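Each in structure tokens, the structures are laid out below.
Both complexes below contain chain A, partnered by chain B and then by chain C.
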Partner chain A sequence: MVDQVATLPSSREFNPWPVGIFICLLVLACLFLAPTIGVMLSSIKTTREIAEGGLWDIPTRLFLGNFVEVLANPAVHRYFLNTFLVTVPATAASIALGVLAGYVFSKLPFWGSNLLFLVLISGMFFPPQVILIPLFQFFNSLGLIDTLWPIIFIHTALGIPICTLLMRNFFATVPNSLREAAILEGANEFQVLTRVALPLSLPALAVLATLQFTWIWNDFLWPLIFTQSDEKRTIMVGIVNLKGQYSVAWGVQGALSLVASLPTLIVFLFFQRYFIKGMTMGAVKG
Partner chain B sequence: MEKSAWIWRVVFLAAPVAVFSILVLWPLFSSFFYSFTNWNGFNPNYKFVGFDNYAKIWTDRLFLNAIINTFVWMVAAILLPTLLGLGFALLIDSNVPGGKVFKSIFYLPICLSAVVVGQIWTWIYQPDWGLLNTLINFFLAEPLNYPWLAKPDTSLGSVIIAWSWQQTGLSMVIYLAGLTSISEELLEVCEIEGTSTWQKIRLVLVPLLTPATVVVIALSVINSLKGFDILYIMTGGGPFHSSDTLAMHMYNESFKKYMMGYGSAISVVLFLLALVIIGIYFRELRRLDEIYG
Partner chain C sequence: MANLILRNVSKAFGTTDVIKSVNLEVSHGEFVVFVGPSGCGKSTLLRLITGLEEVTDGQIIIEDRDVTYLKPSKREVAMVFQSYALFPHLTVAENIGFGLKLSKVPKDEISARVKEVASVLRVENLLARKPRQLSGGQRQRVAIGRSIIRQPKVFLFDEPLSNLDAALRVVMRIEITRLHQNLGATMIYVTHDQTEAMTLADRIVVLNEGRIEQVGSPLKLYENPINRFVAGFIGSPAMNFIKGTIDTDDNKMIARLGPYTMEINKPNLNQGMEIEVGIRPEHIAIVSPEEGILTAEVEIIEKLGVESMLYLKTEASEELLTVRTDPKHTIGTGDRLGLKLPESELHFFDQKGDLV
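On to the complex of A and B.
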């Protein structure tokens, strides 16, 4: 800001830096976008065009057959439905649990609450493979293998650390005087939480909703372990399975990837601010 | 008053603590338990085998191979996204026009799934029409149909580049957040003193970004330990186990060969590795707190 004001009136010397930096960034951005653009290009070409002209040429005409093929495939509908059935409840549940725990750690601390907080947070750091086998054993004994339940439960549990952390940090910014005033008026803690603290925490809830939605939607490991039949597959495991069916139909594969990424891309486009904030908040405070 | 506060603490904490204990803490400890058995995943009549699984680790050539690959993977997965992220952040922070758009472009891959990133990059490395070989052939007389992912020499490195492409955006936004916290006055002093841009970066910005660097490196380490999906999609650990990491090896032993006891022992090693890293991370954080307040 300061630089711009200072350089605008005086054109004494030509400063090559901004132009150089801009060109540098432009080249890097093109390199960074190339992989994604390749998939987009492939999705609007026929298999024949790809076979003849290569995947990376600019197509002469728009071919939507790949998307028609993908969107008409009943398996894709099922994968989408399953993924929503996992992602929405797990996102909601993990945030709800994080709100409850975060409220206690922020507004009702007690002896040992810091230690308990650290134990909950530590869950963020461990590779999921560490708990894979016992969880498989556990849900197997409950007869829940090849259902969506284990995936919902596990994502709820694995979301507790980040949700608790962010909600605790956010509730810390809600003035204690507001809570005390509400208590004096005869409100109990639950009413303080739902009527005072939560309405002030909508930005934090938005951050968590975008983060959790994206992570759970994109997850591959848990549905890979816990689902076996095609009926129960989520979209990410599903598109890997469909690869065999469309082994040389590169265009269909590209369209599949795009369609599968659409919900998270939409979330990214509209809630980018929250997404980045959540990533940096979770990281810096970790 | 105090009594009712305790009731609310218990009511509020009951569900989160219960869910977390049952689905994260208890499995964590069970892993230790299973690592001393020969359980195959289905037969309830497993036996205790003492430290046999851990003894086996040291004779398992594939395990040692996986350890080496994990370290290669971790070092590269730390260096590349950290350096690239720092570079991008410095470029974008220089008030360049369209900075926001560039930021979004570099950040976009983070919201793609490992499955999709894996597929995108598998196409780039495709021997016949992949982008990489197409670009190389542009400069060569003889077409090079090198199968990057199917050769043991290049499989791991190729996946690392794909992984870095996805992770760089994360390091970049953390560095950008760190850069905005550096005071304008300090930068103005640099301006007045006539420091060169390179001096400013080397002597002022990078040292002041130390807290951001600690966070970036810690996240890179943690994420790279979790790195499984993209390897599974792109190489499946192959060819000839050339891209097997600990997480991949553990999956193969447990869910392909059904040696859950041995798989548990590998996961315990993975856990201890993560524990050491988390310990270093928290120590560094505390040290930074003391220095920077």
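On to the complex of A and C.
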């Protein structure tokens, strides 16, 4: 007893580790946040203020002209619409296909399905540069350049591996006896999926919806390659495009950047309440 | 009328034969219990009847209809899983009405029938809850409710009570008996529990390594097992077995059990035959060491209240003999006793394990 008490460290003793780690994290957080803060600061300054005082000065007053300009610009409306027209269908399609494939891989395995699954997952590891030129030629031959279609198709396809992986692993946690119980009750495989497996997989669906939406919304490469005219631009290409119209439109660009990141933020806030565990609790024993 | 017929039903997973040519007829309203050691294929047999697994060979007939290759939902069978398999995202009412909703029964009718079933199973006041808000016994009731609402032709239960504690198991066992009487439905029930098997069954089917060893009423299996496997499997505590040989002495047939001999009168036993004698714990009579055929020493005494179990060391076999006695006896550990084995209660098995 006496020994044990003696070896206990004094609570007053200084332990440098947590402090060191905290400082590291704080520095990292600042580094990550700095660009965002810069953008925020510049979005509420006039072009003159930016030119005179630089990016990092705290503005003396709140100038909302940049936001007014951005929100009133019909080209920006077009960018937003185009981005939605790409992001929503591509997100939905990639998740839908991932759900179907994931269900088959986890609940209806067939000869060679594990190998096929690995092949499909390996699709995640192709750098886009490798497939860029063939894809361009392919869509060119279909006459789809400067439309939104190539972007929708490509994002759908690129999303399949991650969607399949996540859904397969999530469906694997849904007990087989639930599927069998539903089948005995007269459900067909599709009804098992929609009435039992999917409602239990809301956390996975929410994660995927957030991931895919953010990724596709923020994508710069594919719209840049497949669209040329201003009417077909998506928002991320559009931000850069504003630079061409105005000499040094830092303020406007900052404002547009902030406005452009709102939808992903909203999507995240909307879905985060489904990021909960324990959906299958009470299904089987315990 | 036969409600369910299995004809030469076989099932192999890859190259392992799990069910080997099972033949069984279950009549209307019968309660049949499958018992057997773990891995003998009880669950597989149930799954073959439901259609969750397809037979490798043979035929399954439900109410004069060959269902061998029909989909599970077309067979009109219902199964209650050991794990309950309730849908966790649905309420109790939605769970019970799941099948009706799928078959597009009007809403009013569903809710009326759900209420009816819920009152039979006494879960009326739980209808709005989710499965995770229920106790084990309540979950099992809901699972049973889901199975009875569609009025299937055959009910299948795969160890439905094994997740419940002992007291609740007794309650649920009685409920299942009541349900069987009320519905008059054909039920097939898998269990590990001897008491459940003996009390619930009209007939017990003893399975071993994918084969049926014996089918019969609980008492018939208890009193007249046709082989050593059934004799050893049915009954708790298990039957005692003593190895021996048949011999003659002064023209009388005797059985030599280790150093002991006893006179027997069994015309179909031959001299020199190697046999095994089985006797139930309650049939061994305790007498004074001088009177007994066997002498034994008491190793362990288990006092169970209504009865006591004595575990006795003899020279007849390596294993201890179990004897069931009145708890009021004054026997203590280490006492020497004489034992008598009444011939009418003996079961003789040949080397293959068959009754002779």
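We adopt the following convention: the second predicted complex is superposed on the first by the 233 of 286 C-alpha atoms of A that agree within 3 Å, B and C clash if a C-alpha of one lies under 4 Å from a C-alpha of the other, contacts with A are read in each partner's own complex, and residues count from 1 in each chain.
The rule is simple: a contact is a pair of C-beta atoms (placed from the backbone, for glycine too) under 8 Å apart; a residue touches a chain by one contact, two chains touch by 3 or more.
Bear in mind that the values here come from a model prediction, so they are computed numbers and not experimental data.
When the two complexes are overlaid on their common chain A, residue A:180 makes contact with chain C while staying clear of chain B. Note on chain A: of its two partners chain C and chain B, the one contacting more of its residues is B. Of the two partner chains placed by superposition, only chain B is touched by A:100; chain C is not. By the touch criterion stated above, A:111 is placed in contact with neither chain B nor chain C.
In the superposition on chain A, A:200 contacts chain C only, with no contact to chain B. Once chain A of one complex is fitted onto chain A of the other, the partner contacts of A:190 are limited to chain B, with no touch recorded for chain C.
Judged by the document's definition of touching, chain A residues 279-280, 283-284 lie at the interface with chain B and also at the interface with chain C.
The residues of chain C lying in touch with chain A in their complex are 50, 52, 72-73, 77-79, 81, 83-89, 98-99, 102-103, 130-134, 136, 139, 146, 150, 163. Looking at the complex, you find that chain A touches chain B at residues 1-4, 17-18, 21-22, 24-25, 28-29, 32-36, 38-39, 42, 50, 54-56, 97-98, 100-101, 103-104, 108, 110, 116, 119-120, 122-138, 153-154, 156-158, 160-161, 164, 188-190, 193, 214, 217-221, 224-225, 236-237, 239-240, 243, 250, 253, 257, 260-261, 264-265, 267-268, 272, 275-276, 279-280, 283-284, 286. The residues of chain B lying in touch with chain A in their complex are 4-6, 8-9, 11-13, 15-17, 19-20, 22-28, 30-31, 34, 41, 88, 91-92, 94-98, 102, 104-116, 119-121, 123-124, 126, 129, 131, 134, 165, 170, 173-174, 177, 184, 188, 197, 211-212, 215-216, 218-219, 222, 225-226, 228-229, 232-233, 246-247, 250-251, 254-255, 260, 263-264, 267-268, 270-271, 274, 277-278, 281, 285.
Those residues of chain A lying in contact with chain C across their complex are 175, 177-178, 180-187, 191, 195-196, 199-200, 279-285.
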